[in-house]
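What follows is a set of structures to go through.
Same chain, two partners: subunit A is paired with subunit B first, then with subunit C.
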Partner chain A sequence: MTKIGGWTGKVLRIDLSTGRISTEDTIEKYKDYLGGTGIGYKVIWDEVPTGTMPFDPTNKIIFGVGPLAGTGAPCNGRTAVTTLWPTCWPKPLVASGHMGGQFAAELKYAGYDATIIEGKADHPVWLSIEDGQVGIRDARHLWGQGIRRTTVEISQEIGAEAAVAAIGQAGENLIPMSVVMNSFSHSAGGVGAVLGSKNLKAIGVRGTGSVRISGNKEEWEKLVKFHLSLLGANNQHVVPNTPQPWAEYYNTSSRWIASRGRRWEASSPAIETGTCEPHRLNRISYRTNNAAFYLGDGAWKYTVRGNGCTGCPIRCHTMIKVPQTAAKYGIPEVGQNTCGGLNFGRAFFKTFPDGPRGETAIEACMVGMHLADDLGIWCNYGQLQRDFIKLYYGGMIKKKLDEKEFKSYSWDKYEKGDPSFLFQLLPRIAFKEGELGTALGLGTGYMLEQWGIPEQEWTKDYNLLYWKMGHPKHHSNEDAGQCGVIINTQYNRDAQCHSHSNFTRNGLPIGVQKRLAAEIWGSPDAIDAVSAYSLMNIHKAKMAKWSLLRKELHDSLSLCNWMGPWVASPLKERGYRGDDSIESLLYSLATGDKKNHQELDQVAERIFLLHRALTIRDMGTKEMRTQHDTIPEWVFKDVSGKTPFTKGTIHMDKEDIEMAMDIYYEVMGWDKKTGAPSAATYHNFGLGKAAEELSKRGLLP
Partner chain B sequence: MRQHEVFGLAIARIIREKSEAGQLTEHEDILAQLIGQSLLKSEDGNQRPHFEALLRETVEKNEDLKEISGRDGISHYYSAQSLSEPYARILIQKKENPLSLMAEIVRENSAIYPRPVPLDIFMESPFDLTQQEILDCLKKMAGQKEFRDIAQTATSIGTIFLYSTQHLEPDYASSLAEWLDVGQLNNP
Partner chain C sequence: MSQQSERDGMLEKALNLVGLNRSFSRRDFIKLSGVTVIGISALGALGAKSGKKMPLIIMDKAEGVVIADFTKCVGCRRCELACTEFNDGKASPTMARIKVNRNLNFGPKGVYAGQHGQGNWGNGLITPDFCKQCPHPVPCANACPNDAIVVQPPANARVVDPKKCTGCKMCQKACPWEMMSFDSDTNKATKCFLCNGKPKCVEACPAEALNYLAWRDLTEKVPPRVVPTALVSPEKAAACKQCHKK
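Our next item is the complex of A and B:
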């Protein structure tokens, strides 16, 4: 190998119990796991004993970034935060949260590929990382403060360019439904309380170094430009949402919503997005406006600009300025976020006086962002809000709360869709106040347990989108039939996999999608049109495997799986092909470790296998098929009575799904009966020691 | 440079510039612009055959330049470098008959994606119809045999979608409309 690039070569380890700060050699210890979730799983496997609970000092939390973080590779801003998951029910297991922003790059520029946090400080502290200078600092003055103020105070100490990942009051109060957040709006959900349990308020990072690119610089620049040319809009939607002069296709559901006449009107002067012809790479940032995507055309007048992560031109965190919110609710008039974060407040309400995309809905978004992103509350991919709606309209809140607490909420405001209701609800979650606030902060699984509601009540209700283990589905059968179902069985939280949905939702006609699918997964039958599903076949299983491995690959390289993979593109001259090897090309040039896409996918498979091994070890059973890879009842029932494989239903057939799991396990080289990987599979991927340990515990098939 | 080369460059430039602005160029527009640029004389009727020949030659020589004509047979030109064929078709149909345009768009979406389309897409560029115009079109369509395949479905939040029964079954169209209008936003 030529001189290594990409990685900084050092992993930082902080023991908060002893105050010991040390470093380890990334290449020596972690190169086979790349970075990100790879390093995270490795540390948990090696160092966190079975039976450890999330808030035990012996639990560890790993902020892992990858060799592409901080380089010029597009969409390289992701930090994977891996730990034992507090909302994983009925038993905490390993999982990871993913935040964008500037933290990943700043950590690299400071000289580190990951930060491993262990132990527990005896008083509130924050961690200061300024290039080679690392210190554990007193945070007693910050404890009790929100994320915003904490970020500002730390930035004042170490510089405005610092990236500060902080928890809010929710994390301090050990609310499982809490986040760590950096760069104003970029959060990793579910892990705030793990930091709180360690008395760690924040990590402030400032780096002035750079990331070395091992390969030829001109080749690197050419490759980056090529990758940029393959980008679509947010979620890799590769066609615009209305007919554009240059476009052959369009899709009304696309997040590519730029068009002549559409303007960021709250910018001064207002900025027109233009038509954003795909070859004009310096217009990529104008394609996406997630405020307008979710809230309709009314959001354009409030749009200031797009914001986002290091190295990413997509800018999916749309900044909006809604002046009336200052006077009406006493909150800042500017906010920014994307998807779940943007809709955090709005999603609690069933109705608004002026409709789902009216002014009140926009105000609810503003209030929700202001509160949740400061208190540090997690939405669990919208499950928090869906649970709340179900509990209220199902009469369970009234039943569970004593009269005094029930009356302390203005339910009339709630039913009318008044965003000020959120001021009553969200702080009580963050401060664990009352029966309702406490229950909602636990996460779905533990909340149901505490309130004596059988999980089956949730798994049978399609509207709740609940999947298993306290978490919802995340792009399952509604996006990719059996492939989506398989993917959603595999993790210990919501799957967070977009490899498949970014393809099926890319907006191209089904004929084009099938042509591309044939090239990638061996047959056009790997995919179906939405709600027109056909029987399971091996190509769907291959797509599921590919999707999962690319997710782990992205999470380990610091590429954004909310954007990638890039196997479709907006380029007509390429037949709308992307490039299945873009990750390996970037990896090889950046690091100097030359790997083709099959070889890099094998590394991803090692990482994914280690996640599987960890899950098996900590569950204490090899019976994954029946005890872990479960599928909620709603997947198999259509409220209108349509049978599976008829057009117009996303519902699946039980026997077909059993076959789907059989084929998937076979494709993975896992035992079909138990769903557990065999010893040979572990050995094939360099995980012989894991196999030995599992064997000792009787956890191999 | 020879005179016909100058003409050729000027014609190509006129077409390309209009295409970049998202517009088709009519045959007569090109002629008027050449006269405006003093490349042709307005009073010289003998130059028209010469212009026709040059225009044909320019379009043949430049791969990106395309000709499209509507039912009236009038030729329009565009550059495929910045204007796609489907977009050019929309522009032609828009001029001629909004009813046919709407129907063609609905049929095409139903056939190739497949999906129904929300009514309000016709308020967007390049359709640029008002809500009233759209409703008027729908009323007119309802009474005409050639549009009897164009059907409507409403989602749970009241958005109207159109689809073609030639390509989508009513049940399927309704479920797709619900997915596009409500489902996708609830599953971001």
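Our next item is the complex of A and C:
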């Protein structure tokens, strides 16, 4: 084999209990699991015994990146953080959070493919990684500080270029609903308190090395440019949201919102986003503005520019500058984030005086980002805010809080949609203060348990979008019918899979989508138009399998599953085709380990199977179908009374979904009755030892 | 006291001044003993009468220059990656000949400017640093004791000739904008060579923040990052004097 590229070849292991710092050979030990979540699951499987709790010193947390992190492959900025999940209810199981920013690339330039953290320090520490020099440093002066302050102080020590992943007060106080965050706005949710439980305040990385491309550099350049040509806007939306002179189609729900007259107005002077014709690769960054996408046209006047991860041209973290909000609330003028982070503060409110996209909503976003991204609070894909609205308007908060605590909140402000209410609420979550703050910080499952609310109250309420095990849906039947439902049954937190929704929501007309679907999943019937669903078929199951495998593949290679896969493109001359093999082409050329897309999908399947095996082992049951892969009631009910498979409803039919699960398990080579993979399936993917272990525990079907 | 030892003493003093001598081995020191410091040299035209080949002094102007529009830069660093991946086969921002990362978080003033500075942690402004392709006198080329920085057509970029470069890093101390890079795999200096007239960084920018334009003199317009602490060989200093007589 040619000299290996992509990987740096070393995994860093830090034992905080003993202070021992060691390295392992990536290729020797982890190559079959690529990196990212692959390394994470492998370490948890091998080293963290069943029954371990998230905050036990024996729990481990793995910051894993992959062979493409730090290269010029587009959208490679993501770090997978894998551990036993504190908000997974009723029993913590393995899961991963994913952060963008500069951390993944910087870790590679420092010479590492992953960092495994184990044990517990006896006082607050931070981990300093400066190329080959790794040290456990005293963090007592940082303990109690927010993420911003922590990052600045660590940057002062190891350099302005450092990528610092830090926890805020929420993580220190062991709030399960906490994040670790790097590069100002890029967080991995749910894991902050695991770091807190280890007394680890932050990881500061500074790398001056390089990531080698194994293949020919001219070929690499060509491939990277080809990949760039297939990119759409954020979430791989490949058509613009308004008619454009170059565009055959447009779709009003697309995130490709650049257009003549839409300008980054807070840039000095303003910058026109223009028509962004897809062949003009020098204008990719203007296509997306997620502040304007979520907050409406009012956000353009505050837009400074797009920001985002290392090497990604999409810039989904929009930077907005709102001086009057800064003056009004005493917060910084500039805020930046995307999606859940951007909407963190706004999502707590049911109404605003000037509507959901008015100035007050923007104020709430600014205040929310300022507080949550410094205290380090997680939103659980918006479940925190949906829970809060339900608890308040359902009268449960009033019922549960004593009068003094209840009155300590300005509920009149809350009801009016006054963002200053967030200053009362968010710090109390981070500091575990009072009945309400404490309950909200637990995560939905444990919060319901503590307050004696049956989970069923949540699973039946469509507005809550709650799915199971303490977590919400993440692109389910509202985006991809049965395929979305299947995907949402598979994980121990919200599914975080975008492979399917990035296709169904790409903005192309259904006729074009069906033509592409036939090429990718064997039949145009693999997909339906959204909310015009047809009965289950095997192609939908194949699409679900493909979606899940590509998610794990992306999380292990360090490609962004918020952007990939790239099976559709904005290119009319290609019939809007993307390329199903782009991941394997990048992988092969970067690493020198040649694999076609089927072979690489097999590696992804190994990784996904290991996640399944871990879930089964730690749940202690093989009855996955009934105990794990569950579907909330709201999926089957339409408030307007429409029956499933009629136009205009996203609701599903119970029998049809039963069949969907049957077919899915079959496609996966899993037992239909239990939903557990068979011994043969494990063996086929090189997980024979896992099968033996599960067999000993009676956990094979 | 021979002229040589007097020169060594002077050099040692100069190195002490710029804090260089600590990291130099004795061997490096001896290797460097043939050079002197511009401004404090009082030795005259040493090489002029020796009949040796005249040292290289770049007089030609470059044809083009890469220019960055700070307000358009989105901080993605695709330029840094294109520079080293497509030219050197590795992703290595530290050796990229366009430099964004050092200003990315806190701006050119660094971390001490905190949230009131530039960059992602400040007002959002990103400053990509680029080579000015300096006119005569070209600081990096003049500082090179081996004449390894040469003019290369068609763009007349000032480029490092790896065959001549010994990796002494003197050029790094010469550039007021800290634009010299170093390839730690080959142990050679490297710098922007304008990709022979088709800069990869410009091509890679997804926000049209970089432009390749006809050369213009930016040396007076862009504030320096550091005070250069260049050492120029006596031969070169002598050659300078040929034209720059009082």
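The criterion applied here is as follows: the second predicted complex is superposed on the first by the 701 of 701 C-alpha atoms of A that agree within 3 Å, B and C clash if a C-alpha of one lies under 4 Å from a C-alpha of the other, contacts with A are read in each partner's own complex, and residues count from 1 in each chain.
By definition in this document, a residue touches a chain if its C-beta (ideal position, glycine included) is under 8 Å from a C-beta of that chain, and two chains touch if they have at least 3 such contacts.
Only a predicted model underlies this, so the values are computations on that prediction, with no experimental measurement involved.
A.B. asks: Is A:589 contacted by the first partner subunit B, the second partner subunit C, both or neither?
C.D. replies: In the superposed model, A:589 contacts neither subunit B nor subunit C.
A.B. asks: First (subunit B), second (subunit C), both or neither: which does A:246 touch?
C.D. replies: A:246: touches subunit B, not subunit C.
A.B. asks: Between subunit B (first) and subunit C (second), which, if any, makes contact with A:286: first, second, both or neither?
C.D. replies: second
A.B. asks: Go through the superposed model and pick first if A:116 touches only subunit B, second if only subunit C, both, or neither.
C.D. replies: neither
A.B. asks: Applying the touch criterion given at the start, work out whether A:217 contacts subunit B, subunit C, both or neither, answering first, second, both or neither.
C.D. replies: second
A.B. asks: Looking only at subunit A, is it subunit B or subunit C that touches more of its residues?
C.D. replies: C
A.B. asks: Give every residue of subunit B touching subunit A within the complex, in rising order.
C.D. replies: 19-20, 22, 82-87, 90, 112-115, 117-118, 121, 124-127, 157, 169, 171-172, 174-176, 179-180, 183-188
A.B. asks: Okay, in this complex, where on subunit C does subunit A touch?
C.D. replies: These residues of subunit C touch subunit A: 71-78, 81-82, 84-95, 101-102, 104-106, 110-112, 114-115, 120-124, 184-185, 200, 203-208.
A.B. asks: Considering the complex alone, what residue numbers of subunit A touch subunit B?
C.D. replies: My answer: residues 242-249, 251-253, 259-261, 275, 277, 294, 339-340, 343, 355-356, 382, 465, 475, 478-479, 505, 509-511, 529-532, 572, 642, 647-650.
A.B. asks: Would you pull the subunit A residues touching subunit C in the complex into a rising list?
C.D. replies: Listed in rising order, the residues are 70-72, 102, 105, 108-109, 148, 151-152, 155-156, 159-162, 183-184, 208-213, 216-218, 220-221, 224, 228, 267-269, 271, 281-286, 304-313, 315, 319, 321, 332-334, 336.
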